[in-house]
Amino acid sequence: MRFFSDNAAAVHPAVFEAMARADRLDTAYDGDAWSQKLDAAFSTVFEREVTALWVTTGTAANCLALAGMVPSYGGILCHREAHIQVDEAGAPEFFSGGAKLLLVDGPGAKLTPTALEDVRGRIRADVHQVQANALSITNATEYGLTYSAAETAALGEWAKSHGLGFHFDGARFANAVASTGASPAELTWKAGVDALSFGFVKNGGLSAEALILFDSSLADGIRRRRKRSGHLLSKGRYLAAQLLAMLEDDIWLANARNANEAARRLAAAAGTRLVFPVEANEVFLKVTADEAAHLRAAGFDFYDWGIGEARLVTSWDQDLAAVDRLAEAISAL
Amino acid sequence: MRFFSDNAAAVHPAVFEAMARADRLDTAYDGDAWSQKLDAAFSTVFEREVTALWVTTGTAANCLALAGMVPSYGGILCHREAHIQVDEAGAPEFFSGGAKLLLVDGPGAKLTPTALEDVRGRIRADVHQVQANALSITNATEYGLTYSAAETAALGEWAKSHGLGFHFDGARFANAVASTGASPAELTWKAGVDALSFGFVKNGGLSAEALILFDSSLADGIRRRRKRSGHLLSKGRYLAAQLLAMLEDDIWLANARNANEAARRLAAAAGTRLVFPVEANEVFLKVTADEAAHLRAAGFDFYDWGIGEARLVTSWDQDLAAVDRLAEAISAL
Amino acid sequence: MRFFSDNAAAVHPAVFEAMARADRLDTAYDGDAWSQKLDAAFSTVFEREVTALWVTTGTAANCLALAGMVPSYGGILCHREAHIQVDEAGAPEFFSGGAKLLLVDGPGAKLTPTALEDVRGRIRADVHQVQANALSITNATEYGLTYSAAETAALGEWAKSHGLGFHFDGARFANAVASTGASPAELTWKAGVDALSFGFVKNGGLSAEALILFDSSLADGIRRRRKRSGHLLSKGRYLAAQLLAMLEDDIWLANARNANEAARRLAAAAGTRLVFPVEANEVFLKVTADEAAHLRAAGFDFYDWGIGEARLVTSWDQDLAAVDRLAEAISAL
Amino acid sequence: MRFFSDNAAAVHPAVFEAMARADRLDTAYDGDAWSQKLDAAFSTVFEREVTALWVTTGTAANCLALAGMVPSYGGILCHREAHIQVDEAGAPEFFSGGAKLLLVDGPGAKLTPTALEDVRGRIRADVHQVQANALSITNATEYGLTYSAAETAALGEWAKSHGLGFHFDGARFANAVASTGASPAELTWKAGVDALSFGFVKNGGLSAEALILFDSSLADGIRRRRKRSGHLLSKGRYLAAQLLAMLEDDIWLANARNANEAARRLAAAAGTRLVFPVEANEVFLKVTADEAAHLRAAGFDFYDWGIGEARLVTSWDQDLAAVDRLAEAISAL
C-alpha cells in the first residue's frame, strides 16, 4: 500500500477517455481545438480572464513563470525548503539565466511577510547585491500546510508594495483549495498572484500541468520561452484534453478532497506524533526506526524524512480501507 | 485530406493500449519498470549497448544532446536550414548556455564533408572566434532527403578527425531507415554518431521521443540537464510505455514505410514538378498559386513553401486512396 | 613600421597624466569624483543628457548594451561580418543569455534598410522562430566604410518602425565623426540610436571605453549587468580619468583625424588596388603574395586578409613620414 | 583619514612606472612581450609551472575560475558570507550558466571540512538536487581571518576526496601570505588548490588582478571564457606590466605587510572590542553609535557593520602616524 508519493498514483479514467477523443486529425502544437479552449475553461474556474498554457511538469510551469518575472540578474524570494530550491536541479537558475534564489525561513516551509521582509530588508539596493524581484510560495507547502486566502493576500500586498512579482507553485493547489474552502480566485489573483503553476499530474492527471497567467503581459514572453525550452509539444491536443477532462465536473476538486480525507484520517490516528498540522495530503510523523520498519513490514510504503521522521503522502485514488488499516497501525505503535 | 504535417497525425492504437497497461502504481520519474526497460529495448534495435531517455519533444532531445556535447562557448556546425537553427526558437542556444550555430550550405538541407570543411577551415583557432565542437545533421533532412549509411560514415569520419561530437536529429529517423534500407546501427553509431534524437511523435506516437546516447559519457550530464530543464516527467512510465509499444513488432518501421509509400506515389505523379528527390515522407512541388488553390479546392491541405512551391507531408496513417486522388490531381494540373 | 592594428598604438600622454592626477584617495567602484563627471562630460559631447559608463573593452560595451535591449530569447540583426558576430567569441550570446545574431549581407560590412528588411521580413512571427529585437551597426565598419548621418537616420527610422532597439558599435566612432563631418549627436541619438559603444582604446586610450546610453531606461539594468559580468572595477577613477582626458580639448577627434589622414594618403597611393573606398583608418588592398612580401621586406607590418588582399590600419600616433614611405612603396609596386 | 576600504588606496609608483615603460608599440590582446612573461614570473612565485592570466577584477577572476570548474548544472560550496555569494551581483551564476552556490556556515566566514561535509553530505546524489562540484574559500576571509597552510591542506584533501575543484579567492592573498608566514605554494597548490584569484588592486595595483591556474587543464576554456566575457583587453600589456611591477622586489608582499601592521596596531588598541581576531588587514570592532560618531568626528572614516559594529580596513599606503592616532582614539573610547 503506497504512501510514498502522489506522483505514483494512477491516472483518472476521464483523462484517458479525453485523450482518446482528441485522437483525430488536428493542427499541431497548440493551434488545435482543445488547446484553444483552455483560456476559457480556466477563466471560468478563476472567475476572470486568464491565459492558460499546458506544460508537462511543475518544474517547467514554475520556472517559465519565474523566468518571465525576473531579469537574469534578479532574485526570487522563496522558502529555504521550497521545491524550486531543493528539488528542481537548479531549474530556476537555468530558465531565468542565472537569477538567485533568496532563501527565507519559516516552520513548515511557510512564509510570512515578516520573515520575507527580514531577508529583503537587508539587501542593499546597490549593484553589488542581487535584488529581490519576485516572491514564490508553495500552497499547499512542501510540508502539507496551507496558506489561507487572507494569508496569501497579506503576502501579495507585501510583494506589491515592494514591486515584486508573485508566483504560486500549486503542485498541490487542488488540495489547498479543497482544504481551505477558499475559491481558486481568492487564493490567487484576488490575493495578488501573477502566475500559478496549477498541478494536475499528482492529482489524477497523466502528463499535463497548467500554467495560469493572471498578469497577461507575461504571456508572449512565456509562450516563446515554452517553445525555446522544448516544452511546446507537437501533439499538444492530448495535453489540453487532459486538463479539460480534469476540469469537467470538478474532478480536480473531488480528487483532492479524496486525498485530503485520507490524510485527515491518518492525522487523527497520529495525534502527538504529527510534526506539522495536516492541512492537505501530506502527513509527517515522528517514528523511530523500529516503528517505521514495523509499518513497512505491515505493507505500508513511505519515505523516511531525516532521522526519526517519516513522510506519508495520500493520493486521489487511495483505498480508504487501506488508509484506515494504516491509521490503526499508527495508533497501535 | 491533410498533407500539411505529420505532427497532426493520429496516435497508433498500440500506444494508447500500452499507456493503459502502464496505468498502475509505480515509482515516479524514471524509476518505474517501463522506463527501466528502455535501455535494453533500444540496445536491441541498435545492436549494442545504448542509453535511452524519454523526452517529450524533438527540440528537447536535440538540445539536451547538443548541450552535453559542446561547451557554452562552443559552436555547432549545422545546415543553414536545419530545424535547430530555423524552428526551435533558439533552443540550442538556451540549453547550451549560448553556443553558436555555425551555418553550412548545401542543397536540400544536406551536408557534405566538403561544405563543412569550407566553414570549419576558415575559423581561426584563436580565442576571438567560436570554435566548432559538434556537428549536427538531420536525417531525413528538412527537405525529405536522406543520408545513406556511407554518407553518414563520411561525415562521422570527418567529425572525428576534427574532434567534433556528432549529433543526429532523427525527427524522421524511421523514415530514413525505411528509405535507405540501412540498419539503425549503420546509420548511427557505426557511422560515428554520438547521440540520436529518435523521433516517434510524428510517426504514430503521442508525447514520447527518445534520446539515444551511444557515447555513454554523455549520460550523467544529460540526465541532470533533463531534470533541470523541466523534462523529467513525474509519471514517466506513460512515456516509456509509448516508446516500448512503438518498438514492439517494429511498428515504428511499418509506420514509416506507410508514410514513405504515400510520398513515393505523390512523387511519381509530380514528375518534373519535384524540387527535390523524394526519399522520405516529404514532397516539395513547384506549383503556381492557381494550381495550389485548385488542389486546396479539391480538399487537399498543405503548406505553401515560399513563392511557387508547396510542401506536402505524408503520415503513417495516411489513407492511400486519398493519396492516390491527390496524385491524380497533381498529374492533372 | 606598424600598420597591423590600431590596438597596438601607444597611449596618448594626456591619458597617463590624468591617471596620475586621479591617484589619490577616493571612493571605490564608480562613486569617485572622476566617474561622477562622466555623464556631464559626454552630455556636452552629445548635446543632450546621456548616461555614460566606463568599461574596459568594446566587447563589454557592445554586449552589455545588447543584453539590455533584447530578451534572452530574442534576436539581433547585424552584418554577417560584424565584429560582434565574428570576433567576440560569442559574447553577445553570453551576455544576453543566448540571443541569436540574425545575419545580413552588404558590401563593406555595411547595412541598408532594404537588406535588413529582406532578413527581418522572412521571419515568421510565431514562437518557433527567433524574432528581431535589435539592430546593431558598426561605424566605421569593419572594412573602414562610414555611415553618414542620413544613412544612420534611415536605419534608425526603419528600426523604430519595427520596434527594434538600435545599437551602435563605435569602436572607431571617432574616425567616423572625423570622416563624415557629422556631429556626434547627428550620428547617434538624432538618428535613433539607443546605445553607443564609444571606443577610445584604439584611438589613444589605455583601458577605458565608454558605453553611452541615450535610452535612459536601459541604465539601471546595464549597471547591474556591468557588475555581474565583472566589469565594475574597484578603482574606477583611473578609467574615468582616461575618458575625461580624451574629451579634454577634443583629443579624441584630433587623434582620429590623424589616423584618417594617414589612411587617406595610403588610399591615394593605392588607386585601383583599393578593395573598398577608404573612409576611416583602414585600407584594404589587392596585393599579390609577392607584393605583400616586398612591402614587409621594406619594414611595413600588416595583416593578410584572405588571399590576394591585405589590411592596413593606421593609428592616431602614426608617423606620417613612414606613411608616406609606405604610400610610395605601394605606388611603386 | 581613510579606513573604509583598501580599494580606495593609491597606486604604487612602480605600477605607473611599469605602465609607462610598456607604452610602446606591441601586439594587441595578450600576445605582447609583457603578457608573455606572466607565466614565468608567477611560476617563480609559486615554485612550479602555472598559467597566469591578467583580468581587471576579482569578480572576473573568481567567476572565470569557477565557470571552468563546474558545469552549468553544478554547485559551488562556499561560505554564506563569501564575497562571491554576497557582493558579486550573481556573477558566479552568470559566468557558470546558472550553477548554484551551496552555502555553508562558520564563524568569521571561515570554512572547515566538518561544516562543509555537513552540507555536502545531505545532498542526495539523484538528479533532483544540485551536486557539489567545487569548493571556494576566501583567504584572508571577508572578516580578516586567515587559513593556515595546514587548514587549507585539510580543505584541499576533503575536496579531492569528493572530486571537487578547489578555488581560492585571494583578493587579499598577499595579506594572508604576509600574516601566516606560509609560502604562496604552501597556501595554494601544495594544499590542493586548483585556481587562485590573486588580488593586486587592493594592494597597490591599478586595474590588474591575476588568475593563477595550477590545474593546467582549465587554461584553454578559461582563456576562451575571458574573451567571451569581454575581459580580454586589447592593450593587455598595461595590465601585465602592472603585475610584473608588483612582483618585482616582492612589492606585493611588502605592501601587504604594511597593511597588516597597521591593522595589528589597531587590534592591539581595540582589545576586547574585537569581534574577530585580526589576522590580516581588517579590524571589526564593537562600538556604539556614539563611539562611532566620536571617531568620525576625529577624522577617521570607516563603515558601520550592522548594529554596534564597525569595519576598519587598512591599506598598503596607510600613514602609520594616522594609524597610531586612531589606535589611541580607540583606546580612549
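Odds and ends about this structure:
Letters A, B, C and D mark the chains as written, and numbering starts fresh at 1 in each.
Simple rule for what comes next: a residue touches a chain if its C-beta (ideal position, glycine included) is under 8 Å from a C-beta of that chain, and two chains touch if they have at least 3 such contacts.
Protein identities per chain, from UniProt: A, B, C, D = Low specificity L-threonine aldolase.
Computed from a predicted model, the values in this text were never measured in an experiment.
For subunit A, the chain whose average C-alpha position is most distant is C. Judged by contacting C-beta pairs, the busier of the interfaces C-D and B-D is C-D.
Inter-chain centre distance (subunit B to subunit C, centres taken as mean C-alpha positions): 42 Å.
Centroids of subunit B and subunit D (each the mean of its C-alpha atoms) stand 50 Å apart. Distance between subunit C and subunit D, defined via averaged C-alpha coordinates, is recorded as 34 Å. Residue positions of subunit B touching 2 or more other chains: 72-73, 88-90, 94, 97-98, 127-128, 224, 227-228, 232. Remark: subunit B residues 72-73, 75, 86-90, 93-94, 96-100, 127-130 touch subunit C in the complex. Listing the residues of subunit D that touch subunit C in their complex gives 2, 5, 7-11, 16, 19-20, 23-29, 55-61, 63-64, 88-91, 94-95, 201-202, 206-207, 224, 227-235, 238-239. Subunit C contributes residues 71-73, 97-98, 127-128, 131, 221, 223-228, 232 to its touches with subunit A in the complex.
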